[in-house]
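Residue numbering begins at 1 within each chain, and the chains themselves are lettered A, B, C and D in the order written.
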Amino acid sequence: MSDTLNQKVKDLLPAMIRCRRDLHKYAESGWTEFRTASLVAARLKELGYSLTTGAAAVKKESMMGAPAPNVLKAHQERAVSQGADPALVAGMEGGLTGLWADLPCGGPGPRFALRFDMDANDAVETDAPGHVPNKGGFASINKGVMHACAHDGHVAIGLAVAELLAELKDSLKGSIRLIFQPAEEGVRGAAPMVDAGCVREVDFILGVHMGVKADKKGLLICGARKFLATSKWDVRIQGKSSHAGSDPHMGRNALLAACAAALNLHAISRHGEGPTRITVGKLEAGQGRNVIPPNAFMALETRGATTELNDYMTSEAARIIKAAAEMWGCTYAVSTVGGTKSGESSEAMVDEICSLARAMPAFSDVRGIEDFTGSEDFAHMMTEVQRQGGLGTYIQVGTILKAGHHNDHFDFDEDDLAPAAELLVRVVRHYLGGKK
Amino acid sequence: MSDTLNQKVKDLLPAMIRCRRDLHKYAESGWTEFRTASLVAARLKELGYSLTTGAAAVKKESMMGAPAPNVLKAHQERAVSQGADPALVAGMEGGLTGLWADLPCGGPGPRFALRFDMDANDAVETDAPGHVPNKGGFASINKGVMHACAHDGHVAIGLAVAELLAELKDSLKGSIRLIFQPAEEGVRGAAPMVDAGCVREVDFILGVHMGVKADKKGLLICGARKFLATSKWDVRIQGKSSHAGSDPHMGRNALLAACAAALNLHAISRHGEGPTRITVGKLEAGQGRNVIPPNAFMALETRGATTELNDYMTSEAARIIKAAAEMWGCTYAVSTVGGTKSGESSEAMVDEICSLARAMPAFSDVRGIEDFTGSEDFAHMMTEVQRQGGLGTYIQVGTILKAGHHNDHFDFDEDDLAPAAELLVRVVRHYLGGKK
Amino acid sequence: MSDTLNQKVKDLLPAMIRCRRDLHKYAESGWTEFRTASLVAARLKELGYSLTTGAAAVKKESMMGAPAPNVLKAHQERAVSQGADPALVAGMEGGLTGLWADLPCGGPGPRFALRFDMDANDAVETDAPGHVPNKGGFASINKGVMHACAHDGHVAIGLAVAELLAELKDSLKGSIRLIFQPAEEGVRGAAPMVDAGCVREVDFILGVHMGVKADKKGLLICGARKFLATSKWDVRIQGKSSHAGSDPHMGRNALLAACAAALNLHAISRHGEGPTRITVGKLEAGQGRNVIPPNAFMALETRGATTELNDYMTSEAARIIKAAAEMWGCTYAVSTVGGTKSGESSEAMVDEICSLARAMPAFSDVRGIEDFTGSEDFAHMMTEVQRQGGLGTYIQVGTILKAGHHNDHFDFDEDDLAPAAELLVRVVRHYLGGKK
Amino acid sequence: MSDTLNQKVKDLLPAMIRCRRDLHKYAESGWTEFRTASLVAARLKELGYSLTTGAAAVKKESMMGAPAPNVLKAHQERAVSQGADPALVAGMEGGLTGLWADLPCGGPGPRFALRFDMDANDAVETDAPGHVPNKGGFASINKGVMHACAHDGHVAIGLAVAELLAELKDSLKGSIRLIFQPAEEGVRGAAPMVDAGCVREVDFILGVHMGVKADKKGLLICGARKFLATSKWDVRIQGKSSHAGSDPHMGRNALLAACAAALNLHAISRHGEGPTRITVGKLEAGQGRNVIPPNAFMALETRGATTELNDYMTSEAARIIKAAAEMWGCTYAVSTVGGTKSGESSEAMVDEICSLARAMPAFSDVRGIEDFTGSEDFAHMMTEVQRQGGLGTYIQVGTILKAGHHNDHFDFDEDDLAPAAELLVRVVRHYLGGKK
């Protein structure tokens, strides 16, 4: 069967590439993946999966950093104009673009989940003529949105895997769940899907990413630790304006409140037990030169090497923001626009995957758990599965990158989609008791 | 002659009102008064005055808060399209819209200068149907720019006075200078005209303003003291960006530099000798939530009840801004975008004007020097004349206002233009030795 | 009688000088005036006044800035060892050194109060041989405490006036109250005496001060306005210590709370309606270099040209201090250790006193109300009398000063005690219906 | 010989204990170890070592955190009164209490250095009756100074080792250097001894410490890494006083400069490459409540997991302190009162010592390199030896502690001095070619 599988994947590669290029051309940012999610949903239904979508798949109250309703509305129209099924798009109104697809196998057994992220980045794709999407005519036509983190590839892998597993299902025991997640950028999409139940009763979960810092074909990293827990906050402070010359004492200076907050936030004590971060990345305050500023806005983020360390940072930050606003007689509001927990791959699962991968000629350098030191909200799903008693890991597939992730020249080697898809199928087959 | 003069002014009132309404309709903000200045220049030439315009009238290097070249260019085109003489507008390229007009009289004697300001405010004129400019069809068609400080009236007075003095000139000794100043709002226009020589060898100077806080017809305040000296600064701080998660130590945090500056600027010690002010009215910093902010901008102003008090504030502020930038390893630039000295009317001149005004039935409540407690860059010109040994004052003409200065419902009683013009002519005649 | 009075005062001068020198030698600072107050009490009793002392004269709960109990105890012993009556001193336990003395006159009429302050300054008297107290052998033997504000003279005047009024009482209508106040330095003593009732049902009140900035014999200023309202606060912030190397996150940093408070306090907006001040004069925080500081102390003061302006400052300050403590997870306590209201002499009373003074040859330059621009807690008593419908004023007697008030070389001309005493008697006699 | 050595050490134990108790009783803090150093010097001379002392052993210019001259003088007198040799004490005037002793062996070979620290802690020893030094009558009689870090034991080991090596010297090749260092507490003593040449041409260096966090007899940790580099600074800021009421603008506010410094110092960005620390542990500023504060003092420390990380902190801190002083028009001075580099034991040497220790029955749990995560200025000496091409390590001997290091109940098991001394002799013998 191995050889059969390898051949089947090879046969699917052209379709995977077509899919990836189509998604690349119609790149969609977080919570606006109406076209992408519609295509995914339609295909999975075709393959026999039963779908969970819309409000059942994304808990509306838990959504973070969603665009304004009118912006979402405009994106729905855009998606339809770019070929999406109007009925499917209508079912995702309000940015409910996440979905999962279930497939029961040939008998009782564990539930194995695979997660694929769908959103593109806020970036203007380069117009350099040598950039492959330009040469191939599939550069993003949605100005300012670009797949610069390979999520287009992830979805293409996901749909190929869906097809291959559908063929195999009768030989397996248990069930398969494919999770297509929106808004991974800004770590906003995992939590509302978890809250909606996407990993409930899941025994194993696997996430995959194309491209590693060590830019190398044949490299596979089978597990990750030190995902940074992080929180993304928008802070708004409301004061009162007054004339700076005649009545300065009548104002409530929101600008000074924000400045006091920013300075003191950065002075939050380092933590004795591990790395933390805090950054007020943006601050905008005031209306006119001669008006006591009645308004201020701050975009900030905290991070921690563990969930506990990030919790320390957010708890300190919340106290400081409150006090800074009150110090200047202002009111304030904090909205969480993103965030994820820390996490660490399950060692047992990493070891199994390493063995499976080493048997594949495509992977010449197979490694175990390595430090991630970035944030990925897959950690949120994985941690929840582990909390329930299950196992999970996150694998990174080496490929030659034209430029780093999030760069406007980013591109990866499409041939590497095939071994990634093959490995995922092998792993599922292994865990659901299929032949070795 | 007095009765003659009174009658002449009455005869001129309809023309003054027409002029004022025309300017109101085509309101132009600071440094873009191309149409206004062109009309003024053309009319004064017609009346026999010799003009000083363009770079000879406005020292380019001293201009504060001028719009960008392309914005100015667009305004030149707008002005021409609204009827301005293309040749005159071309001579004001770069926003050099200030000008003065000289008229020698019938023999040797002192030089008497009158100053009129021409610019409108950044405000969207109300569309309330009862607002007189709406009823009369002369509301501003230049969206976002509105004559809400009566400078349209001042120019109308100026042109009427020009006509009356031209008739009188042979009976007078000395010479007359009419100064038409741009960009009084933001106190930006006086200094570059003074630097160009507009008050050189001026013995007497008079400024006039329509409308007083005490909202009363027949009121005339013949002098002012406690003009607030003020400085308007734009501060730009340049740091270095870096990734807030992986390399926070590689950045140079301009946002924190700005916050440290803002807090410490507001903490500048009160001055034992009189009122001061400082306000950072706007602060904008940063690029993205997870990027160490490499840029910051602050719009601030200082004030002082005397020039010395404002100098104290700017000297403290300059030191603090420099230190705050250096504290965070940043560079910075401060640009002065406005400012004026304090000033106080010359008592002797105020007394004379009071006497002249009391002889006019139009003024039922004539007062001497009162506190101004605002900023006006006429103070800059007046102080310079006094420094040279001359005298100066600033008079305020009471009128019924529909709403306060700078309000979008602002309007004044056009009938009050007449006594203002008449008084100015009487004063000049008095000082240049004409009959009483 | 006038000539008689003048002669009587002259006869009393040697006794006044002896009294002043005795008090100067045994100088006592605020709330430790046990010896001074005992001498005063004994003498007033002797003269027939009925006394209110101890807890009846000073409301314990309202005392501000009192020394610790053991310090007060030691001062009681010191006072006795320096000749004070042990029983009287015992009655002032706890620093209750204020007292008032009442004398009913020959019939019904208004109550007239005179206030004298008793405390010395914290200063080490100069050992310069030319300093009169050194030449005369009456320099302070209480090291670090010195009468450098003439309160020794005020008490001497008070006792002479007491003697003279006791002789006159039958010829007057109404009643006399002599208030001897402790702790004027630091503006701490007036409020607890007012709270105990020292000005209850008082119709007229007069305070007196030896020495004016304009250093001139014969000068008398009969009224004052623009007493600065002021508040003196001790702020203590309590955090939690932890090791700065291993557990910095376990601390609650009181030092940073104090720094945030200090910076933001100084940034309280200037007030559009008049001068204000704020100064954190002392800050002490922390225990060791490598310990997160669990403690901080700040000594601060606010001022305002009116009571309202000072209230604005304290209300802003209270909010900022609370927020700064909470910002860093600390608790805090503010104790008021001094303070007084603003005030302004009653014009009618000033005019009367001017007339009375102009009739005395000793005063060659008699002036009405002038700006005080300092703080004096007599303002607290005077304002309370005015609130009840009474009148009050504060007079300053010119004399030649050897050095400014509070300077360690301070000294005044003792001969000027006589006209001051004489004037006070004349004023009381005038208001209580005695012969002119 | 091994058995012989073991027996010899056993025979020496009573003398070691006597020595330790004598030093414990006369505990001396950093730079005042006049008595301790005199005893050491006398004994080493007796044993045939050649000494380097005084200014030759401690570079005066490099001394950090030394007490004032008069304090040192008083300690010299105290030491003599407590039995020190007056001549030896005189040679250490100015706190030059460090010394080293050289012993050439029986032929050419490497130089092996051993370092022992001598100073006690600033702590008041408990008077609990169960505390062994109280029971044994050897608690510190120098109030406020206590051996709470086992340096008394280190010196006792050092003198025993000196005696044993003196006996062995002819059988060894190379030379021995025994370094007795003052002022390890506050990490002040190593740098000036290194600058004086104490490790010049040293091939191997070994430091030893009694007591490990894991409180266990028989435990030996043969190497350490992650010594925290640290810097200890005293910062003084000088401004200008003025009266807070009348002339606040005339002051230069050093208190605000210190507050701005403290807040911004704590806001120094975390470093992406490892842990750092900064703490302003003390701040004292100001003179009086109503005086603009002309003075401020801060005691601060920085730390870093590597020398580079600490260098980052000091370089940021220096810039911020300079800017904060300048921001408020003040001058400032920074003095380094302590500090050390990071460091890491040489693996090869650790391995050898582990082997030697495992052969000793006294050590039941022998471990290699472990994290230290504190600061020790032995790291400074070790790093310098390694820089020259040599090897070094730091060993920690497990013992049962009655309380943690620096606690006022601290005490260790004196029996554990013997195996420590024996191990040191074995290590030197091994490296200098003696029999195994």
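The working rule: a contact is a pair of C-beta atoms (placed from the backbone, for glycine too) under 8 Å apart; a residue touches a chain by one contact, two chains touch by 3 or more.
Model, not experiment: these values are computed from the prediction.
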Report summary line: Turning subunit B onto subunit C by a C-alpha fit takes a rotation, in degrees to the nearest 5, of 180
Report task. Compare the CA centroid of subunit D with every other chain's and tell me the farthest one. Result -> B
Requested in this report: Round to the nearest whole Å and give the separation of the Cα centres of subunit B and subunit C.
Outcome: 51
**Report entry** Geometric centre distance via CA averages, subunit D-subunit B, whole Å
**Finding:** 70
Query raised in the report: So, what's the distance in Å between the C-alpha centres of subunit B and subunit A?
Result: 56
**Report entry** Residue list for subunit D, restricted to those that touch at least two other chains
**Finding:** 245-246, 248, 253, 256, 260, 263-264, 266-267, 269-270, 277, 292
Query - In the complex with subunit B, residue positions of subunit C that touch it - result: 263-264, 266-267, 269-270, 275-277
Query raised in the report: Where on subunit C does subunit A make contact in their complex?
Result: 245-251, 253, 256, 260, 264, 267, 269-273, 292, 312, 319-320, 322-324, 326-329
Query raised in the report: In the complex of these two chains, what residues of subunit D are touching subunit C?
Result: 228, 230, 232, 244-246, 248, 253, 255-256, 258-260, 262-263, 266, 277, 279-293, 299-301, 303, 373-375
